[in-house]
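Note that the chains are named A, B and C in the order they appear, and that numbering of residues resets to 1 at the start of each chain.
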Amino acid sequence: MPSGVQMTAEDIARETIVVDGVGKTYGGGTHALTALTDVSFTVREGEFATLVGPSGCGKSTLLQILAGLVPASSGLVAIDGRMVTGPSPDKIGVMFQDAWLLPWKTAAENVEFPLVLRKVKPAERRKRALPLLELVGLASFADRYPDELSGGMRQRVAIARCLVQEPRVLLMDEPFAALDEQTRTRMGNELLQIWEKSGGTVVFVTHGLTEAIYLADTVFVMGTRPGRIIERIAVPLSRPRSIDMIGSESFGRLRNHIWHLIAEVRT
Amino acid sequence: MTRTRRRLIQFAALAALLSLWEAAFRLGLLSPIIFGSPSLIVRAVTQDGWTFAHAFRITVFEIAKAVLIAWTAGILFGAVAASLPALARVSAPILSALIAVPLVVLYPVLIAWLGLGPSSKVVFGVVSGIFPIALNTMIGVQGIDRGYAQMAAAMGANPRQIMFQVMAPLALPAIVSGLRLGTALIVIGVVLSEMLGSTDGIGFWISYHRALFNTGQVYLGILLALLVAGLANAALSLVERFYVRQAANLSVP
Amino acid sequence: MTGWIARLVPLVFVLALAALWEMASRFGLVDPRLLPPFSDVVRTLGVLLQDARFRGDLGFTLSEIAVAFAVVGPLGLGVGFFLGENILAYRMFAPALNLLLSIPKSIFLPVFIFAFGIGFLQKVIFAITLAFFIVVLSGIAAARLVPPGLAMAARSFGATRRQIYLQIYLPAMEPLIIEGLRMGLIFTVTGVLIAEMYGSPRGIGRDLFAWGEMLQMRELFAGVLLVVVVTIICNELLRSIEEFRKSCRRGFR
């Protein structure tokens, strides 16, 4: 159970992602805004975890803290046994709701961008980028520019980009939220395929209950005002997932349960 | 219509215009002092060609110096102001209030301080052009979506890499439009200041020959000044075309 | 930063600048012959304003500005409205307009002098030429702002052409018209001053230029100060009217 559980050094070493008593407050004094309070959970290696909750529950903030982009006001975060103090793109890959592809670079060049930052040589960069573009099915679009790609394709380039440094942990902040429903479903399946092929631990933030359950091994339900973890739910569905699981009874029960949890908190 | 055909038509139109102009002159239809003629301009070239060529070089150098200073200082200030919100909030109203001032009133001060030589022209050119460059740079950098910087940080970029590899290209279209306007103002400023008081340069000789009513030389000078303005504009278009990919692709959020 | 603090900042900036000026000059940080103390300049300005000849020059310049603006305002807006409403006319004249806009007009001052001398008329005509194109551009933008369906709807309840113009078009275009006139005024003032500095027997521009040449720095800075202060104040006044009118209305932003 989330709060109040004491973490030991062994816990930190065992789990891949450890979040202990994390809080985030913006501003100070009377104008202080508490986005997160006493958030604690762990994620095992190779696990696919989703964070689901209503808007404003701080799930994006939590992800930014995990990614090292934003410091926590209290508590600690450890990934792969080390405390998170800043971005570490070779260990942690991050994806956002917007792909933020650089418009003057081709798809391949965008995938190579993290390697350019580390001053990797061009030939080596190409060698690492192209297989990833193949993995996301965009090998023939390698030399296209972002304005020639659809929203779904741009997100796929973003996936390839965050995999290029071979991180073991992937953090994704509602990456498919801006896409239409069909593309979203398709991208979800593709993501599962990529994940099953390359392994790794994933934390996936979403506000869609169906998506949260469908993709995950574990669902963390978040409440709002202040943001915190309400419940941790293990998803009993087998892998590989298929679309017709969504219509099954157990799926429906799970969905209703989470829905009620969130609705209660909102009132 | 192919490009060569269009060029031919433009050329023919120009030739027709010049012939009409010359005809009006020879037939005495227009005042020769006010309107001059192509033949008068040609005569001016034979009489004072070398002087004007030398003056052309001087004016171009003055403009080049002013451009160098104004571009550097303007972009620097704009970029810095955009990254420091307090500075931006303070400088924006001041900059926009200053556009009301006719900068030409500062020129006598510059003459008094720096004399009639090239330096007063360069300074006046800088003052004329720097405001739109700084303002456009500031707006351009401020207008960049924060998400790009966050993405780059997540990819492991340090602040310097974020500034030069992400923010700078994104701000480029706005900066270039500021450079375009600023450079045009610099050219006008330099030539105007030469006309008002100078020792050499295109503007100086325009004024010199005006006093002597040498219409041919005056028009030659005007043509050369237009040429300089056109060259500056063309040079900027080249710079812009080099980055046109950026401009075109910036439709993607 | 809340509204009224933001308004205070330029004022504080100006006061700080004046203080800096005073101290730098009085304590010899800059040569007081080149930059007389602020207090001396203000005092000189007071003396000048009591001088009949200076006041005469001031009146001369102001009347040039008034006449030029009275012509270029309605004329420019009229042409602008016409071009904005008529797509055919616009397409026909747009290239010429853009060409004329991009040509620096100040270099044609000698031609203006050949044609009109160095008197009142020449300055007014030059200022009109300088300001005309900006006002036209604003007029075009204003005319394009009006949703075409609005006039059609008004006609359907029996509004006459005159009523449509006064009750619908004009209110819709008002902010852009005010802004266009403001820019036109800035260019008119600039044009008059440039023309006066270039060649004139009377006027503030001529005075400034003469003082600069004679190194009469106190008078020069007094004149510059006057011009700067008056132009900024007028511009800010017009801008606040613009803002006020914008906030009064809804729906036409």
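The working rule: contacts are C-beta pairs under 8 Å (C-beta built on N, C-alpha and C of every residue); 3 or more make two chains touch, one makes a residue touch a chain.
For clarity, every value in this text was computed on a predicted model and none was experimentally measured.
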Per-chain CA centroid nearest to the all-protein CA mean: B
Centroid-based (C-alpha) most distant chain relative to chain A: C
Centroid spacing, where centroids are CA-atom means, of chain B and chain C in whole angstrom: 21
Distance from the mean Cα position of chain C to that of chain A, given in whole angstrom: 56
Chain centre separation in whole Å, for chain B relative to chain A (CA means): 50
Interface hub residues of chain A, defined as touching at least two other chains: none
Interfacial residue positions of chain C with respect to chain B in the complex: 1, 6, 9-10, 13, 34, 102-104, 106-111, 113-115, 186, 189-190, 193-194, 197-198, 205, 208-209, 211-213, 215, 217, 220-221, 223-224, 227-228, 231-232, 234-236
Chain B residues touching chain A - in the complex, by the definition given at the top: 145, 147-148, 150-158, 161, 165-166, 169-170, 245-246, 248-253
Chain C contact footprint on chain B (complex, rising order): 31, 33-34, 89-90, 93-94, 97-102, 104-109, 111-113, 184, 187-188, 191-192, 195-197, 203, 206-207, 209-210, 213, 215, 218, 221-222, 225-226, 229, 233
Contact set on chain A toward chain B in their complex: 67, 69, 87-90, 94, 96, 98, 100-104, 113-114, 116-118, 145-147, 154, 161-162, 165
